[in-house]
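Got some structures for you, see below.
Shared chain: chain A. Partners: chain B in the first complex, chain C in the second.
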Partner chain A sequence: MTPAALYTLYAAFVLGGTGLYFLLPNPDRGKPLAGAALGALGLVALVVAWALIGDAGTGAAFYVLGLVALLCTVRVITHPKPVYSALYFVLTVLAVAALCVLQGAEFLAAALVIIYAGAILVTYVFVIMLAQQSGPSSTDRRSREPFLSVCAGFVTMAVITAHASKALESSVAAGGTPRAEARLASAAAESGAPAGLVEDEAKPSDDGAKRSAPKPVTGNAMALGGAVMTRYMVALQLSGLLLLIAMVGAVAMSRKRVPQEGAVSPRAPLGQAGREVPPY
Partner chain B sequence: MPGTTEYVILGACLFALGMAGFLARRNLIVMFLCTEIMFQGVVLTVVGFSQLWANLDGQAYALFLLVIAAVEAGLALGLVVLLYRRRGTLDAEAWSVMRG
Partner chain C sequence: MKDFLVTQFGFSLVLAALVFAVIQGAVAYCIYYERKIAAWTQDRYGPNRAGPLGLLQPIADGLKFVFKEDYIPGHVDKILFVLAPGIMFVVCGIGFLILPWGGQLDASTLPWLGSHLQPGERMLSVQVVSLNVGILYLLAVMSMSVYGVVLGGWSSNNKYSFYGAMRACAQMLAYEIPMGLTILVVVLTMGTLRLEEIAAEQAASGVWNVARHPLAALILFITALAEANRAPFDLAEAEQELVGGYHTEYGALKFGLFFLGEYASMITTSALVVVLFLGGWHVWGVSALTMEATSIWAVLAKMTVMAGKVAILIFVYMWVRWSLPRFRFDQLMRLAWKSLVPMSLGLFAAAAGLLYFGLHRSIAACLAVNAVVLAGAVAVASRGRTPITGRQANLVRQAARNDVPLAEVRT
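Right, the complex of A and B next:
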């Protein structure tokens, strides 16, 4: 990464961070318009930095999807209504899934859409309905330490970016990385399944691929399945166990009888709960 | 490098935005949404590295990350409902009993 690109990137972070500070819900200092203008400038600077880096392999689709993901993420953070935050999060997930497709991770993209947009988001919306607060409460209208949190977030961003770009350059300079032309084929070969699973199952699709077009011998889903079922078998079993434990824990938690807390001075009547936050 | 730098930068942006939101917002549900955004950033980063090194380790890692995200969402939302039933508010500040 050239110094010009790096400094443009830092300028984008500063602009974006300042914009986010003004965009965060805050009745006293929130200036949404100024924040939006600064954030837009930051996004423009980010696009310029991306163009300056100018790797091969990123086209207009990357810019569009990246901007959609960033804008929707900012709306998730800044929207005062949790339901809208959840809906914007769906858009972020869809953009990330499309970006995964651009990088050749089709199965992961499908899994992201099905699990995130399909299952996890439904759970979130259910909980938002269960824990309904009447109208935007002060919880959502006032941020907690917006300046410090924005500083923490954007300094983290700058540090990760600088170090990652440096590490990428040194690794490429040291040994070079295999280019991804024959990525799928080589990935299937080196996924740790020399015999059995992958090769046996690869044959039908192999024939089909030859008939239709000279494409890679295995698809991404098959290669990933081979890797997960062989090299990552223990991790796969452990994640199943983890899901079981989480399910048992969630059931135990939801069956728990909730004590009425005496410390909370007179409990608000039904429907009024959560409208005001008592000073704890 | 097939666009890996851009992916890492975008992943870092998503991660840091999620972190800023987690620290800034007070609504418990939005805080957990922000952790999911941090997961998205990590997914983008590992997918980019997976493409760079032309193997599937990054994608397999992202798949297990999805498992962790599902577990986290299930447990965290159960906890949120439990906390909401106790205090009648989603404000995270309502639980800052150990503040000095």
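Right, the complex of A and C next:
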């Protein structure tokens, strides 16, 4: 990566961070228009940096989806209404899933949509709707530590980018292209699966006849399954165990002792609505 | 242009437009079908005024939706109120993309378009997209359909709509689990996530999956009813309790879009059941309905067979709707979490075990496993006492208070 690209990238982060600081909901200090302008400048810088790095994007679809994901993420934390925040989060997840498809990771994309957009965020929306029937609370209109959180977020992002760019350079130096093919091939090599198992479907082919030929039977879903069940077996089992523990904990916490049928329960004092059930 | 249309991409575009149009038309006639079936169940005539046999009724209904005033009440969240029917319509309208409608097509048998091709030179898949995560795409799309209902109910700013949305949300989350697990049973048996391969393999062996896993097929059908919000699972729009449920505040074309979404998802889910368990486009003993028959006429025959099977399943959907009363909400939840989830988990574990011993294609072994799971479920159900809920509990209390036998209590 050239120094010019690197500094443009950092400039993009600084601009974006400052813009986000002004965009965060705050009745006293918030300047949404200035924030939006700075954020837009940051996005332009990001696109320029990306173009300077070269070969990292995969065409117009990548840019559009990336922009959608970024803008929606900003709206998640800046929108004053929690329901809209959750919905922007759904859009972010969908855009990221589409980016995964562009990189040839269909399984990851489907899992993201099913688990995040289809289950977790539905539950969020559910809870937000139940909790805020009398309109949003005033805490949603004021972010607590905008400066520190923006700093923390963008420093983390800069570190990740620096690390990722190093990985990018080493993979380019090794003679491979930092594209889906290389990643799939290395995934196959790592998982010890036979190379024939992983066939890249994202490979562009201009030949119409070639495109209309029957597609390969296997894909990276199978390679991923192989990797999870062989190399990452312990991690899989441990995460399963963790989920089981969480589930048992949730059951234990939510379980209440319900009085026996016909048992006389002490009457609640006047003015106290509902019945109190001691925890199990 | 001519050559573009016989590439897979061009063909997929045409097929997508065609199937989408057919599904939209079918939705209109599904409403006619439903009203005729309701009439048949209740021993009356049904729609018979517009056109011969009332066949123009769907067009009249559609025109009515279009020409009504597109009214937005003043107290709603306008953006989401307009967005919700759109989400419902889009999400329910894109599920069919992954379904295999007719195996492989030899492009050279297409009249005019394929005249310059040699036989067998170019095979097209009669499916809009072929993903290697095929079935997961459908699950992902179906899991998104809850947003239309929930946002519609919430943005209406009406407590009945909101109750409907909450019920729909809890119901869809609960029934997605057994649905996913029973689909996994088929995936384990067939060893692939691609729907076209699942259909092709059932056609090649002549054994439909319903012969191996009838219990899984039944569970999938029940959860498909619940996911499409159809009776007896239509608590989200229980008229007696919630006025109209989540679409109380909707009218005109926006209400029509909710309706379209519901019927389109009925078609998609029944097509899914057909592909997974009922052999897709295959029927025994017809040479046009095999994997080897790839001419355009064979493909049309396959699509007709597939549509026929879907129509039969939709008939069962409607038959169920007009025969069974609606569940109460606690019964609904108990059915999902206490019976369907354990049973489908058992089936899933059993299918994995069969796979381990290499018996996953053996009909006898699969049937035995299904019988064991069913017997276990029946045993557990008969050991447990009938849960006392709601009105029954009051009856028991009254009986105890007045010291009379339960049967003699008058409410």
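The rule is short, and it goes like this: the second predicted complex is superposed on the first by the 199 of 280 C-alpha atoms of A that agree within 3 Å, B and C clash if a C-alpha of one lies under 4 Å from a C-alpha of the other, contacts with A are read in each partner's own complex, and residues count from 1 in each chain.
Definition applied: a contact is a pair of C-beta atoms (placed from the backbone, for glycine too) under 8 Å apart; a residue touches a chain by one contact, two chains touch by 3 or more.
Everything numeric in this text was worked out from a predicted model, so none of it was measured.
Asker: Between chain B (first) and chain C (second), which, if any, makes contact with A:142: first, second, both or neither?
Answerer: First partner only.
Asker: Counting residues of chain A in contact, which comes out ahead: chain B or chain C?
Answerer: Per-residue touch count on chain A favours B.
Asker: Using the superposition on chain A described above, determine whether A:107 touches chain B (first), chain C (second), both, or neither.
Answerer: both
Asker: Applying the touch criterion given at the start, work out whether A:118 contacts chain B, chain C, both or neither, answering first, second, both or neither.
Answerer: second
Asker: Contacts for A:130 in the overlay, against chain B (first) and chain C (second): which applies, first, second, both or neither?
Answerer: In the superposition, A:130 contacts both chain B and chain C.
Asker: Going by the contact rule set out at the top, does A:241 touch chain B (first), chain C (second), both, or neither?
Answerer: Neither chain B nor chain C is touched by A:241.
Asker: Return first, second, both or neither, reflecting whether A:92 touches chain B, chain C, both chains, or no partner chain.
Answerer: Touch status of A:92: first partner only.
Asker: Output check: A:227 vs chain B and chain C. Expected answer is one of first, second, both, neither. What do you get?
Answerer: first
Asker: Pick out the shared contact residues on chain A: the ones touching chain B in one complex and chain C in the other.
Answerer: Looking at chain A, the two contact sets intersect at 107, 111, 119, 123, 126, 130, 220, 261.
Asker: With touch defined as at the start, can you tell me which chain C residues reach chain A in the complex?
Answerer: Contacts found on chain C: 3-4, 6-9, 11, 80, 104, 107, 121-125, 130-133, 136-137, 139-140, 143-144, 146-147, 150-151, 154, 162, 165-166, 169-170, 172-173, 176, 192-194, 197, 388, 393, 396-397, 400.
Asker: Name, in rising order, each residue of chain B that touches chain A in their complex.
Answerer: That would be residues 1-10, 12-27, 29-30, 32-34, 36-37, 40, 43-45, 47-48, 50-57, 59-60, 62-64, 66-71, 73-75, 77-82, 84-94, 96-97 of chain B.
Asker: How about chain A: which of its residues touch chain B in the complex?
Answerer: Interface residues on the chain A side: 1, 9, 20, 24, 46, 49-50, 53, 55-58, 62, 66, 69-70, 73-74, 76-77, 82, 85-86, 89, 92-93, 96, 99-100, 103-105, 107-108, 111-112, 115-116, 119-120, 123-124, 126-128, 130-131, 133, 137-140, 142-146, 148-150, 152-154, 156-157, 160-161, 164-165, 168, 172, 177-180, 182-183, 186-187, 190-191, 220, 223-224, 227-228, 231-232, 235, 239, 242-243, 246-247, 249-250, 253-254, 256, 258-259, 261, 264, 267-268, 273-274, 277, 280.
Asker: Under the stated contact criterion, what part of chain A meets chain C in this complex?
Answerer: 83, 87, 90, 106-107, 109-111, 113-114, 117-119, 122-123, 125-126, 129-130, 201, 208-209, 211-215, 217-222, 261-262
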